[in-house]
Amino acid sequence: MNFYPEFEVVRNDSRCIRCRVCERQCANEVHWFDADGKVMLSDESKCVNCQRCVTLCPTRALKIVKSDCRLRENANYSDQTIKEIYRQAETGGVLLSSMGNPNPLPVYWDKILINASQVTNPPIDPLREPMETRVFLGKKPDHITRNPDGSLDTTLSPQLSLSMPVMFSAMSYGSISYNAHASLARAATELGICYNTGEGGLHEDFYKYGKNTIVQVASGRFGVHKDYLEAGAAIEIKMGQGAKPGIGGHLPGTKAVGDVAKTRMIPEGSDAISPAPHHDIYSIEDLRQLVYSLKEATEYRLPVIVKVAAVHNIAAIASGIARSGADIIAIDGFRGGTGAAPTRIRDNVGIPIELALAAVDQRLRDEGIRNNVSIICGGSVRSAADVVKAIALGADACYIATAACLAMGCHLCRSCHTGKCNWGIATQRPDLVKRLNPDIGSQRLVNLMTAWRHEIKELMGGMGINSIESLRGNRLMLRGVGLTEKELQILGISHAGE
Amino acid sequence: MKRIYVKEEWCLGCHLCEYNCAFANSGMTDMVKALRGKEIYPRIQVETDENGVTYAVSCRHCTDPICVKSCIAGALSKKDGVIEIDHSKCVGCLTCVLVCPYGAVVEDGTGVAQKCELCMTNSHGTPQCVKGCPNGAIVFEERGEAE
Amino acid sequence: MSPLEGQVRIPSGCAVSAMISKDGRRMNGESIIESMIPMHDRSNGLGGGFAAYGIYPEYRDFYALHIFFNNRACQSECMTLLKEYFEIVQDEHIKVRKMPQITDEPIIRRVFVSPMQSVLRHLQIDDKELVVRIVNRINSQLDGSYVFSCGKNMGAFKAVGFPEDVGRYYRLEEYDAYCWTAHGRYPTNTPGWWGGAHPFCMLDYSIVHNGEISSYDANRRFIEMYGYKCTLQTDTEVITYIADYLLRRQGLNLEEMAAVIAAPFWSTIEGESEEKKKKLTYLRTVFPSLLVTGPFSIILGFEGGLMALNDRLKLRSMVVGEQDDMVYIASEEAAIRVMAPDIKHIWAPAGGEPVIVKVKEGAF
Amino acid sequence: MKHYVIIGNGVAAAGCIEGIRSVDAESAVTVISAENHPVYCRPLISCYLEKKTDLERMHYRSESFYTDNNVKVLYGRSAAKIDAAAKTVTLDNGETIAYDAVCNASGSSPFVPPMAGLDTVEKKFSFMTIDDTLALEQAITPESRVLIIGAGLIGLKCAEGLHDRVGSITVCDLAPRVLSSILDDTCAAMMQNHLEKNGISFILGTSAKEFQGGHAVMQNGAEVDFDVLVLAVGVRANTQLVKAAGGEVNRGIVVNDKCQTSLKDIYAAGDCTEYHDISSDMNKVMALMPNAYMQGRTAGVNMAGGDTVFNNAIPMNSIGFFGFHCHTAGSQPEGCTMYEEADENHIKRLFVKDDRLTGFMLLGHMHRTGIYTALIRNQTPLSSVDFARLQIEPQLAAMGSDFRNKVLKGVV
């Protein structure tokens, strides 16, 4: 069944200079030059609205607009719903999507407001006073111990030191390009934070960024070997992902090319399928064994992170993880992005990160084990304000990936699964990979994080706080707007005006 | 001195540099007005090698410029390292085109020679090919001078 | 009806003052009361109080509980509870001077108690822990009863009113202490509850504090993991618990505690010697949630000494004076000059730099 | 402090001055300039007629060139004698100048073969100098019928220059084609055709037998009436001074790649010299302005104690008429093969021998031809480049990635 295209290419011919940049830059082959008529033509059915052509058109002769050709209006059966049914009726297949859940479900970040000092205590000007954002992630001891001479015994279980409480979340080499990884690794190193390998192994070129690398061990165990584990600053066991809780991963063979396959330690061209569960973890006690085997393998030098998707019972799950020996828990909310996920799962499974985070932090405090673990919050942290809110709700740090991709050029066309990312991020096609120059990519990431750090400092200064640790769990600095009693209760915050 | 260098590993072959060059040297303020419906004669040329690698070629501002030595009209000269054409003196003999070993001096569409002057002689003052390159494949920087 | 203290967080400005004899000489309360007069405008009549150390030498082995009761029923309920865990050594009225400036007074009792050994054995805790638990229970669970002082050989005296009036009211000129601290409060709103006045005490720790800390909820939510209940929602309360937690339960010394609550900036730590850097980094890493930010100047009194500390940016005034065996601390120099008119050596300690004064061993 | 003397004030002399000054900023430099003009762009005299330039803009260097370089110019003087032993130059006025090194950059002179009745022609001109040009300009009217003897570079440029200012132009040449020294028959035919389209008439393969005032009779019997005669048959190198001084002279003054003559401290540069053409491996008089400059500069550097060579000279010409251009370079040695591409508006002929590009002729399309020229000049083995691609279009892409990385990523 043919549909009218979702997008229309609007070309202002009076501005078009026939430079053909759009044609050369569209991996979807939407544009072409008709030499006879000396005009640019387009096949809109191929357009994914990635905006590459729009961005590069030197005369702003192009725009991509949403087609207004609509099926008959129906509040229940939306266009999208109907078309998905058609598509499935045609293919018999599971629908695939990329990036995070785009549906209009509540974004709690936007219903939480931040405090500022007035009169009774002073705001602090970050331009004049030191404003600290350094955090240490890892287990904190219950009791200090002293050496025989009475001095403090300063040995600690491994800590992950970050210059600011934001890290780049897991995106595998394979799901994203070599240059995207290079950008993330270089930016993380320059910023003094970490990026995360995801389940794709670590390309040999990037071992040098190890101090700023979190190496991930996921259910497929792709790319995991001793050197890999030892290369990073921390090891992350991925139990789940916010975009697709309860299922594994699938890198199509077409992306498992060359170094991607080599880095994953799989035959070139073979599908890399990560199972839904870790087949050695069927319960919490199994997790504990994996945590400790990884610690053993790396001589207890590295903190171990356990990453889980935010699901209904997240507080209890987190409590279990906190007692499993893990040093850090990463919770990934339902809006987290992905390179490919079944649409139904992405859009219907999991819970909002804000509620999950609040519930976990409170549960761990109630149980007196909040110090056993640090908490990383991920799954659509979009701005410095989201970071500040997350920290105030109780997170030690945040993971960002979609925002990082945006910094590298992503325009959220949500077509990663096609492998034809025009921005050189979610692709392995050499001509496309080339489009992301890590000099630029890393600089833009550094810029973004630098900007966020400034904003975090401004927000903290406004609250009269000059160190991030005094913000952590400081829910008094938050107020809700338009939230129900129940939501406020779970978030542990008061309503604005209270 | 600062020169234009290319990083072919990042060149996308989009040819924007050629258009930006043509526009920058058009003397006009609107790109559409400057370039629409016209053949462009850029001072930078994107080449493609046998492996599909692309890169842009423009004047190298040679330390020992044969074009300057060969100009029969005394129109080419090197000022502060930048090789410039005095268009009031150029008579369009194209000897410079004949001698430039890199093919960096080209005819401007009206019969006279033109070449990259690092946008020092137009209204921009900084190379527009570099500024407009979407992927940092053309850079303007200081590198070691030849012996 | 206005919310009660503890049901709402009340920011307030304040005046603090303290005097201590390093020789352990005991002085009556005249001077400390006088010191609050020039700082009158730093209070607004909604709370004043004092803490005095060394005032009960004859009862030094017993915990001196100072308790407010709303009425006889409350008192009897509370005493019943106390008797379950303690021997009651002495139960008496705290003598006051009736005066028009101080009104709405509750029943104010002083009870010297001694923990029952059988209870301690049964609960497998030490006597201090028992006192903390029972006091917390009374304060959080028994409506109308409030223990506002529970240390040995020390006591707090506080009321709604200006501090100089509160001092007169409690006849502090009749008490002899080697260390006095005082507090005048300027809350932005208050239900006018006596328990809300300062100092805030826990065992022999007393805190007077001027400021409004921005880290409050981070500190509170952390400390509440360890059995403390921040019922009053005041800075002073949470700082007292932090002090108790770090000093008594974690066994840090005063300098170490200062390095936690007013931790040096990382940039400062970078410049320290390797050994010091290690120690300071360790303390910041282990106790990040106990860093106190925002303005504060606090005077922590304890058995045998006191410590004064400003926030690390020194967002609140605090000056220290020293003369012979005496050390004076106050929000304003004028207060010190009242206590010691001829004093020469007065300085303002830097933010985050603790001033620790200890009475000679054996002199208290 | 030395004294350098330069005989002549053309482009070779300018190169010589700049060469000397690149080594020796102090010593004295004297230029003996027969023409009463500072160095100017000799080939632009046709452009002057065409009004594409003017006397002011024809200066090769800025107004302050001589003062900036601290050079003394003796205008209107010529050298009468070089005494190699005494190291002196005697001027036409008998004055003697001592030198430490001298450069003969005296150029060439028009060559006029004997033709009967030439003295009956009232308005006859050479076309070499500004003075020739100004005189010619005085003589023409919009109705003038001009006869140009010689269809070489000079004759044709003169024709182009006069085109819009006279009534008619006829060019005759003994050679059967135009530009016979640089083009082969095919290329010449295309060029001739273009010139004819622009109104130039040709009488080729014959020469003037006799002049009777404004009437010329050709060897083949053709007759032409004219008002103005331009003699552009050819030029001869000015070798007399060096020859008289005992230096080796052939068709030109023989110089090596340091631009030294056979006589100590006597150098020569420019149109008066005969030197090595690497494309044909023969010594030739290549009266070419770019080469003149480079020779002059080479001579200057060496005169002042520097050490440099100009050892990759090739003949090359960039010439165009009425918007139609032609680039040629190198030579077509015996046994060379030719790659050809042609249509009605352009010709590309590349000559290859022994794995080298030895020469080319390009008409009509002049894009990036310097890449070809460099192949000849550098004697690049064609097996080391992608010549198939180069044949189609000159491009660095065909030169290998090492070459282009050297060029595009470094300083050249």
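All chains are identified by letter, namely A, B, C and D, in their written order; residue positions are counted from 1 within each chain.
Everything below uses one rule, namely that a contact is a pair of C-beta atoms (placed from the backbone, for glycine too) under 8 Å apart; a residue touches a chain by one contact, two chains touch by 3 or more.
Since the structure is predicted, the reported quantities are computational estimates derived from the model, not experimental observations.
Participant: Name the chain whose C-alpha centroid is most distant from the C-alpha centroid of chain B.
Facilitator: C
Participant: What is the identifier of the chain with the smallest separation between its Cα mean and the overall Cα mean?
Facilitator: A
Participant: Could you grab the centroid distance between chain B and chain C? Build each centroid from C-alpha atoms only and quote it in angstrom.
Facilitator: 78
Participant: Using Cα averages as centroids, what's the distance between chain A and chain C in whole Å?
Facilitator: That pair's centroid distance is 47 Å.
Participant: Can you compute the centre-to-centre distance for chain A and chain D, using the mean CA position of each chain? Integer Å is fine.
Facilitator: Spacing between the chain centres: roughly 70 Å.
Participant: Which integer distance in Å separates the CA centroid of chain C from that of chain D?
Facilitator: The answer is 103 Å.
Participant: Where in chain D do residues touch two or more of the other chains?
Facilitator: none
Participant: Quick check on chain B: which residues sit in contact with 2+ other chains?
Facilitator: 7, in rising order.
Participant: Which residues of chain A are in contact with two or more other chains?
Facilitator: none
Participant: Have a look at which chains touch which and call the overall pattern line, ring, star, complete or other.
Facilitator: line
Participant: Among all the chains shown, which pairs meet the touch rule set out at the top?
Facilitator: A-B, A-C, B-D
Participant: For chain A, which residues count as touching chain B in their complex?
Facilitator: My answer: residues 14-21, 24-25, 55-56, 58-59, 61, 431, 434-437, 439-440.
Participant: Could you pull out which chain A residues touch chain C in their complex?
Facilitator: For this pair, the touching residues of chain A are 117, 120-122, 124, 129-130, 132, 134-136, 140-141, 143-144, 146, 151-152, 154, 156, 159, 365, 368, 370-371, 394, 463-467, 469-477.
Participant: Spell out the residues on chain B that touch chain D in their complex, using ranges where they run on.
Facilitator: 3, 5-8, 45, 47-50, 53, 55, 57, 60, 62-63, 66, 69-74, 88-89, 91-107, 111, 143-146
Participant: In the complex formed with chain A, which residues of chain C make contact?
Facilitator: Listed in rising order, the residues are 9, 11-13, 188, 211-219, 221-222, 224-226, 250-252, 256, 263, 265-267, 278-279, 281-289, 291-295, 312-313, 315.
Participant: Where on chain B is chain A touching in the complex?
Facilitator: Those residues of chain B that touch chain A are 7, 9-10, 12-16, 18-20, 23, 31-32, 35-37, 52, 132, 134-137.
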